[in-house]
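To keep things simple, chains are lettered A, B, C, D, E and F as they appear, and every chain counts its residues starting from 1.
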Amino acid sequence: MGELLSVAGDNLLSPPILFFILGMGAGLARSDLTIPEAVGKTLALYLMMAIGFKGGAAMAGGEAAAGMAGAMTAGILLSFLIPVIGFFLLRATTRFDSDTAAAVSAHYGSVSVVTFVTAVSFLGTQNVVYDTYMVAVVALMETPAIVSGLLLAHLAASRGAGGVSQRAMSHLVREILLNSSVVVLVGSFVIGWLTGERGMERVAPFLVAPFTGVLCLFLLDMGLVAARQLTGSKVLAPGPLIFAIYMPLIGAALGLAAATLVGLQPGSTALLAVLAASASYIAVPAAMRIALPRANAAVYLTLSLAVTFPFNVLVGIPLYFAAAQWLAATPGP
Amino acid sequence: MVELHKRKKIEVIIETPARPLLIDVLNRAGSPGYTLIPAIGGRGLRSAWDRNQLMDAANQVIIVTIVSAEAAEAIMAEVGKLLEDYRGVVTVSDVEVLRGGRF
Amino acid sequence: MVELHKRKKIEVIIETPARPLLIDVLNRAGSPGYTLIPAIGGRGLRSAWDRNQLMDAANQVIIVTIVSAEAAEAIMAEVGKLLEDYRGVVTVSDVEVLRGGRF
Amino acid sequence: MVELHKRKKIEVIIETPARPLLIDVLNRAGSPGYTLIPAIGGRGLRSAWDRNQLMDAANQVIIVTIVSAEAAEAIMAEVGKLLEDYRGVVTVSDVEVLRGGRF
Amino acid sequence: MGELLSVAGDNLLSPPILFFILGMGAGLARSDLTIPEAVGKTLALYLMMAIGFKGGAAMAGGEAAAGMAGAMTAGILLSFLIPVIGFFLLRATTRFDSDTAAAVSAHYGSVSVVTFVTAVSFLGTQNVVYDTYMVAVVALMETPAIVSGLLLAHLAASRGAGGVSQRAMSHLVREILLNSSVVVLVGSFVIGWLTGERGMERVAPFLVAPFTGVLCLFLLDMGLVAARQLTGSKVLAPGPLIFAIYMPLIGAALGLAAATLVGLQPGSTALLAVLAASASYIAVPAAMRIALPRANAAVYLTLSLAVTFPFNVLVGIPLYFAAAQWLAATPGP
Amino acid sequence: MGELLSVAGDNLLSPPILFFILGMGAGLARSDLTIPEAVGKTLALYLMMAIGFKGGAAMAGGEAAAGMAGAMTAGILLSFLIPVIGFFLLRATTRFDSDTAAAVSAHYGSVSVVTFVTAVSFLGTQNVVYDTYMVAVVALMETPAIVSGLLLAHLAASRGAGGVSQRAMSHLVREILLNSSVVVLVGSFVIGWLTGERGMERVAPFLVAPFTGVLCLFLLDMGLVAARQLTGSKVLAPGPLIFAIYMPLIGAALGLAAATLVGLQPGSTALLAVLAASASYIAVPAAMRIALPRANAAVYLTLSLAVTFPFNVLVGIPLYFAAAQWLAATPGP
């Protein structure tokens, strides 16, 4: 236990997390501090470009891709199955209609790239390595959850998913496959892979050195936006609020199990747990507004951004990391 | 003396995710054109919203289209249906334009 | 045929610092909602202004609210008082809306 | 009871490069003021355009001016001439204002 | 004298100041060069984050906090008293009504964070150290001047400050205590202090290395905005214009005196003089528009941004620095 | 030939060009990825600030300014004459009216600063030096083409250029002489020159180290904007499309000839060819919309940004570089 506390302390006392807390505090105190929208969106693109390129360049450097296929399959399955668990838990413990339950659980099947980036930065402070192909797993886990969420809504609702008009479907497909995070993550990964070490050297002063500082500025913004989403939204019933805390724990447990099965090293195991535990708040909300317009957007925006994201960043990341370390220490079955 | 022609101006304030759907409605209803204007905050029956830096899904956009009275009828009906699913409001008002032929 | 209801559209162009005060006025006057639109420049009786990158105090913002005729009366009176202290203009015009009940 | 005065609201959607020319027209025609509003996309007779990040020449801007009926006549004529060369549309509508003297 | 000239030359020939001059020139020549608003505001946040964090980290590194209490008290008193001097000078030398006189003098009692940042960068070129707790003094000097400005307006005006409706008061208090500069300055200071050297290392490539370059880009923007404020505003009467030049000198003299009394080292003495001499153009204008709406905003925006800021940056900083050096050299009473 | 292929390979396999291709691909596939406008414009200013300052600082470092006068004269003549060639080629091979033909050819006489910046970055990867005063040549080549384009339109059209009203003329002159690229390029050059090595040291971590990384992010944006300009515009007749490919080649040939005549080193020869081959898409369109409003803007925006810019960046730069190397190798007449 002592070991977990010191790791949790490390996480909380790191500049990125402290700036997140500063943002939450300023947002809750209704300060007029805001990071302009254009800058917030560009910082997110920068973070994805940085971890994508670094992943690809490491790949080209001949880093053993052991376990990559396993990690990818595990990721896709987790993204597809977690919404099923979430759906039935929500239908049992809340008064959500089937569309809202399906939409919320799709968020939890998918991933939050920024939570992943924050976990990568945390691993850096603990000097723990991880397989850089995990970046590709992030991109792969974005979409299956949306498909499984739509299927759940279709099966549960009498009128069927036919509701998604042919026209909306084409916007939906483009939203799922070509949204900015997938394009930047996968694109930067491929470019890093093609240009390898030489390419890395030329972009490192931009993509590597200032990474942690940019993460601080971005998490300051995230804290402000999360706090304002919380204060702005109607008071949430206890059912959904608790769901937004225990669902990430269920996701993390499944992620840890899958990673151990596939035999990933501790760093990658922790990251898979983080991905399973994290909930999307950019890509999936946009898709759900098109596919399931009747689902209550205020609910899933508040749960994923204002409850689950802070929980994962403040508590989850060190917790899943300690669990991965503990699993690695105990001799497997 | 400048010759003016009576037309209708439809203004729709709607959720950003519904923007492509609304543009489809306008194109199919043969609207001669439209202009998109950014909204940076608002309040309706539900809680107030402020230009949310990161999640476009929570933002609104304004679409203005100058159309003939007949086209206005069709567009208002279609937009009404869209607003059953998506947050927003629509208004129509009288305007006068120079080059009648254009609209 | 689409059924339309007559309402009033009030548009206020006002200094950014007065924005929270104007929103208080709208909320107290029972306005069903409002939308904020950015202004990037202008000129009134005083000198022209351009979106001043650093000092919000010199910028203007536009607030649109669709209200019933009665509410419009009250709001116009209150806004008039505010404009005695703060730079800006207010206009009211006739619009038609679909869901009368909303406004 | 709030005393209101009838005025005209002219709204011009025009290419950004023509902005200084249009402001010259308004100043010469003695307009009491104007406000500039950003446009982030649109479609007219020609192809659709989206806020082009790098080339301002392809963007549009909206200019609103509240004027007296007489001034409106002169301004509409001048704007009409400008729109022969530059992409855009102009509309005029009736509004009511509080402080008549201002416009 | 020679020594002062060489120092003034150093200041003028430094990249940040030259970019400020480039901005003023382009603005006066009505060039269409503009730095987008979102970027200008973010650069200001970056500068505050950088000096705040650096101050806190140095604090944690056991830097002697000698004289901190003295510097803070001096700062608060200066911020509170300077508006009184300014108010009576304005009432005597200009036809300003009492509200405008009170609002203008509140600007001069408060501080301009960017002038402080430019002075810190100047000290860097002169290799002169300063007490990093001065950052905290900046935050403390923002607000007292607003309170004293309101009191002056209340006492002078017959109808009394009662004019500030109860509702406006809540917006005003939040504006004063929670405006973005105070939150970022104090927040970054605390985070730097909590994470110390280890935290500094992780964010230095972002917050320390590019600092001067970012200051150049920001001062280019400041030059453009100051020039446009000057050309845009009605021609100002001589009274206020001269006030905008001699008031900073009075402020600086008071700052130098207070610093010597409290026994600060030359670097910190120069900075206290700069703070006393500088006039706010972001935080105070916002507060004055709420508290004293009848005050003529065009006047104080033009005086503080288009006259006093350029004066301090081009002439004031090297002048107050040389005075601080001279004071340190002459044996005290 | 082999040597040309390897150089072309180097160019294509460099991070900036790959990010440009990623942007084009995402744009053509209608992905919703966009770089916010405020950031795109600031990145362009940053790139101009960086090469301007570097040029000036090198100049101050006593870098031989041999051939500067020759390069400048050649640049101005090229900028003035290329539109004449373009005008008659367009009148012969397309159905453009004289205004559109004049406006399009003015674009090709002028320059694209970003193409120049990309070529400078390419020279870096080939470790080939160039005369940093070429930056001044860029600024000088922006405007003559506009004047010659207007003259061509005036001579060809019966009603004469009198069409440009006196009022529009003042906006036009300011647009030509004081547009943002000229101000930033020349301004930074002068500041770099004034502050020399010492100034360079202070801004290098901002203006030099992250340069290539920022170029990657900017070219990602350029790819998106170029692709959308292509998909958005009406289908272009073959005449203009082929013009947008062979005109840069003609320009490059003239540039190579002029550089060899003036006796520039290979690096600078390649850059002069790039400038002659490149077409403006920010400064000239703005001027043409004022001076020749009846010219078809969709045509020149599409040709210069969506056809010529990608051609130059993907194929042109390595081609003109190889030609410059080849010319230097073969003994002159």
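The definition used in the following text is that a residue touches a chain if its C-beta (ideal position, glycine included) is under 8 Å from a C-beta of that chain, and two chains touch if they have at least 3 such contacts.
Predicted model, so just to flag it, every value in this text is computed and none were measured.
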By the touch rule set out at the top, what is the minimum number of steps from subunit B to subunit F? 2
Touching subunit B and also subunit E, the following chains: A, C
Trace the shortest chain of touching neighbours from subunit E to subunit F and give its length in steps. 1
If you average the CA atoms of subunit B and of subunit D, how far apart do the two points sit, in angstrom? 18
What whole-number Å value describes the gap between the mean CA coordinates of subunit A and subunit B? 35
I'd like the Å distance between the centres of subunit C and subunit F, where a centre is the mean of that chain's Cα atoms. 46
Hey, what residues on subunit B touch two or more of the other chains? 37-38, 93-94
Where subunit F touches two or more other chains at once, by residue number: 34-39, 41, 209-210
Which pairs of chains touch each other? A-B, A-E, A-F, B-C, B-D, C-D, C-E, D-F, E-F
Complex contact set, residues of subunit D against subunit C: 1-2, 4, 7, 9, 23, 27, 32-38, 61, 66, 93-99, 102
Okay, in this complex, where on subunit B does subunit C touch? 11, 13, 37-45, 60, 62, 73, 76-77, 79-80, 83, 89-94
Mind pulling up the subunit C residues that touch subunit E in the complex? 15, 17-18, 20-21, 24, 46-58, 85-87
Which residues of subunit A touch subunit F once you look at their complex with the stated criterion? 36-39, 41-42, 45-46, 49, 53, 174-175, 178-180, 183-184, 187-188, 190-191, 194-195, 199, 202-207, 209-210
Spell out the part of subunit F that touches subunit D in their complex, as residue ranges. 34-37, 40-41, 44, 167-168, 171, 221-222, 224-225, 228-229, 232-234, 281-282, 285-286, 288-290, 293-294, 297-298, 301, 305
